[in-house]
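Structures follow.
Shared between the two complexes below is chain A, which has chain B as its partner in the first and chain C in the second.
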Partner chain A sequence: MTKATLAAACILILSFAIPSYGAQRKELDVPEQPGYVPTAEEEMLPAELRPQPVFFRTQEPPGTIIIHTAERFLYHVQGNDRAIRYGVGVGRIGFEWQGIHKISRKQEWPDWRPPPEMIERQPYLPRFMAGGPGNPLGARALYLGETIYRIHGTNQPKTIGYAMSSGCFRMINPDVISLYEKVPVGTRVIVRQTPKL
Partner chain B sequence: METSHARIVAIITFLTMILTSLGTINVVKAGTLDEIRARGHLICGVNVGLLGFADQKEGKWEGFDVDFCRAVAVAVFGEDERVEYLPLSAEERFDALRDGKVDLLSRNSTWTLSRETRYGLTFAGVSYYDGQGFMVPRSSNLLSSLELGGNNVCVLKGTTSEANLPDYFVENNMKYETVALSTSTEAVAAYENEECQVITSDMSQLYAWRLQLSEPSEQVILPDAISKEPLGPVVRQDDPAWATFVKWVLFALINAEEMGISSDTIGEALVSNKPAIRRFLGIEGELGSDLGTANDWTVQVIKIVGNYGEIFDRNLGDGSSLGIARGMNQLWNLGGILYAPPYR
Partner chain C sequence: MAALPGDYGLASYHREEDGERTLAQAMIACSNPYNIGAGANGGILMHAIGQSQPSEIFWKVDKQGRSYLGPKGPTGVPQDRLVISYDEGVLVTEWIDPQVRSVYGTMVYVPCENS
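After this line comes the complex of A and B, so read on.
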């Protein structure tokens, strides 16, 4: 598979989602909607998922990105025990991972190439979709090291706060655009999971 | 020789007196845990009514502090119904505990030196790190309380919050004007009418006030705490064994979250092969029995009440109307300062 098809695999959406740690986020049943352009109202997330400064104590230097998969939050470390917190959508069950990577590449309005497995399941999907509004990868993509994982935008704001991707982290387009401007290539990204029983 | 002999006799007599008096105390006062068992229920002192912490809904107590009472009751009896809640005002709470009207005070009380020494009390730990904070309109785009210079600040008259303001603003070379109000209602109204651009109080209070505003989601509570208000459960100093018991109920709730054991995952945890988890759930070792209760008490607590994170989310966090961020109250390894000693 090429890098592009792997990237596309990241946005696979199945018809289930695990409830969050707090168990307050319910199940979600949404197929991907290529071509769908979200309205500004849809991109008004619930208050707790919007970007906001929070208390965050860490040994990591300012600029680092820390993603708490179980919380569905991405923290951009600011120093002085503070971080800007964003709501994200995360990998569904079986697609969780953790580790430390550096942002290896940044891409505005990435193209989308659904992989063959996905086409097989959903033959109605386009074979290729150029980057732009309505593209499921959204407005920006931050590539994580040599992995197939990305932090990217989305054309489905209602998926923020849920676990349904294939390991990628999705943000609403205004948030990913804002983060994209703040983080250079080489930024450390730490992904954390819940402890294993 | 004679004098030293007399001295020895005097010392022995004195020691005997001390031992006797200690014995008397022990006889008169059975351990709190035994008293609770004999009585058949725990008596827990709570707030008369504070959203998120202790509140009556359809005659049933609920809240963060109430859930701690329930956890202690489960630790003793294996059931959470065996609690008598005694609502206590701010003035009467410590006297009530000292005088033995309650076994445990779980009532958003700040841990300070004088509260332990003056009343002979012991804080069993910190269950909620509160502190004075600031709320501003989201449209102000402020990120830090160090950016608050040049604003009018609404604050309740005669509170520590008011007293802390000059300290903080002068120290950080910021100009400000105080708008002092007598009641919460007036303070919220003044902020809503834009008589001030900033409103300050303890953060938990700010979250409750935010719900009274016309557009709660358009308000931001800045992450900085400018004072320390560590809240926690309190017991009397006269029964260290009971203090230990209460302390380890709190630590167990925090440790459970750190290990990933919740009311959802308890079934999976019970078949885990990790030694720390097996020890925690009483499958191995006798830690529960050593504490003076059922060896698997933690299993019941997690099943019935949940771990710290679940209690927080349900009463104060995303699962509640308050929507308080975990912030300082997040686990130590996830960016907060919650840290419990190991259960071993």
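After this line comes the complex of A and C, so read on.
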């Protein structure tokens, strides 16, 4: 599988596990919706997933992005034990990862290339969809180092708070646009998982 | 209409300013081509949205001279694709169904060299 294919696979949706803050665990199947443009109402996330200032103890300098995959939260460190917290979608089981990278590139309205397995199931899919409203990668993308992973937008707000990607992190478009404007190339990004006993 | 069957690079766009680079990407997409087959009744075989198998569709022209690809019968039905252009083998279409069109945008089919 090529790097580009793997990158495209980041938005592949197979199944969903209820986020860690939820009391239940179940799975949902949601088909891909390339071209679908969500409404403003759909982008109104549950309160706990909306951007909000929170107490966040860390020794990382202000500006750092810390993603807690088990929590489905991305923290933008503000200093003085404060951070802005965003709800995100994360890698599904088997696609979790952790590490430290820097934002290597920023892209407005990134293009999308469906992975071959998706094209096999849906042969009529374009092999390339130019970025724009309705693109599964959403309004903005922040590339993490030289990896295949990105923090990107989505046209499926209902997937925020779930584990369903191949390792990328997704935010609703208004949130990723806001974050994009606050973080420059070179920003340190720390991806953490909560160890499972 | 010249013969359409063959392998095509397939790409799409929604914004007019993306048209040119989408055409270039469609050429690259020949690495994973979309096959337009020959139908048994003089039509061509293409997939409708949601179909895993292609079905036979036909080139149709309405009274205004607009061309469509779709099932036999009247033109401009939701199952049709409006042919925006067919020039030097490059086929550009849009679905008539507005909901489908909003999803897939303008579809660009570029013939692959080995086709």
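Operating definition for what follows: the second predicted complex is superposed on the first by the 176 of 197 C-alpha atoms of A that agree within 3 Å, B and C clash if a C-alpha of one lies under 4 Å from a C-alpha of the other, contacts with A are read in each partner's own complex, and residues count from 1 in each chain.
One rule holds for everything that comes next: a residue touches a chain if its C-beta (ideal position, glycine included) is under 8 Å from a C-beta of that chain, and two chains touch if they have at least 3 such contacts.
The structure presented is a predicted model; accordingly, all values stated were derived computationally and were not measured.
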item: Chain C versus chain B on the shared chain A, clash or fit after superposition; value: fit
item: Touching partner for A:Pro116 - first (chain B), second (chain C), both, neither; value: second
item: Superposition-derived angle with apex at the Cα centre of chain A and sides reaching chain B and chain C, degrees in steps of 10; value: 150
item: Partner chain in contact with A:Val37 - chain B first, chain C second, else both or neither; value: second
item: Touched partner set for A:Ala139, first chain B, second chain C, both or neither; value: neither
item: Chain touching more of chain A, residue-wise (chain B, chain C); value: B
item: Touching partner for A:Ala130 - first (chain B), second (chain C), both, neither; value: second
item: Touching partner for A:Val183 - first (chain B), second (chain C), both, neither; value: neither
item: Chain B versus chain C as contact partner of A:Ala163, first or second or both or neither; value: neither
item: Smallest separation of CA atoms, chain C relative to chain B, angstrom; value: 32
item: Touching residues (chain side chain A, partner chain C) in the complex; value: 33-37, 111, 116, 119, 121-134
item: Residue ranges of chain C touching chain A (in the complex, touch as defined); value: 9-15, 18, 21-22, 25-26, 28-29, 32, 34, 46-49, 51-52, 54, 102-105, 107-108
item: List of chain A residues in touch with chain B within their complex; value: 20-24, 46-48, 52-58, 66, 68, 71, 75, 78, 80-85, 192, 194-197
item: Residue numbers on chain B that touch chain A, as the complex places them; value: 143-144, 216-217, 220, 222-225, 258-262, 264-265, 268-269, 272, 274, 277, 309-310, 313-314, 317-319, 323, 325, 327-328, 330, 334-337
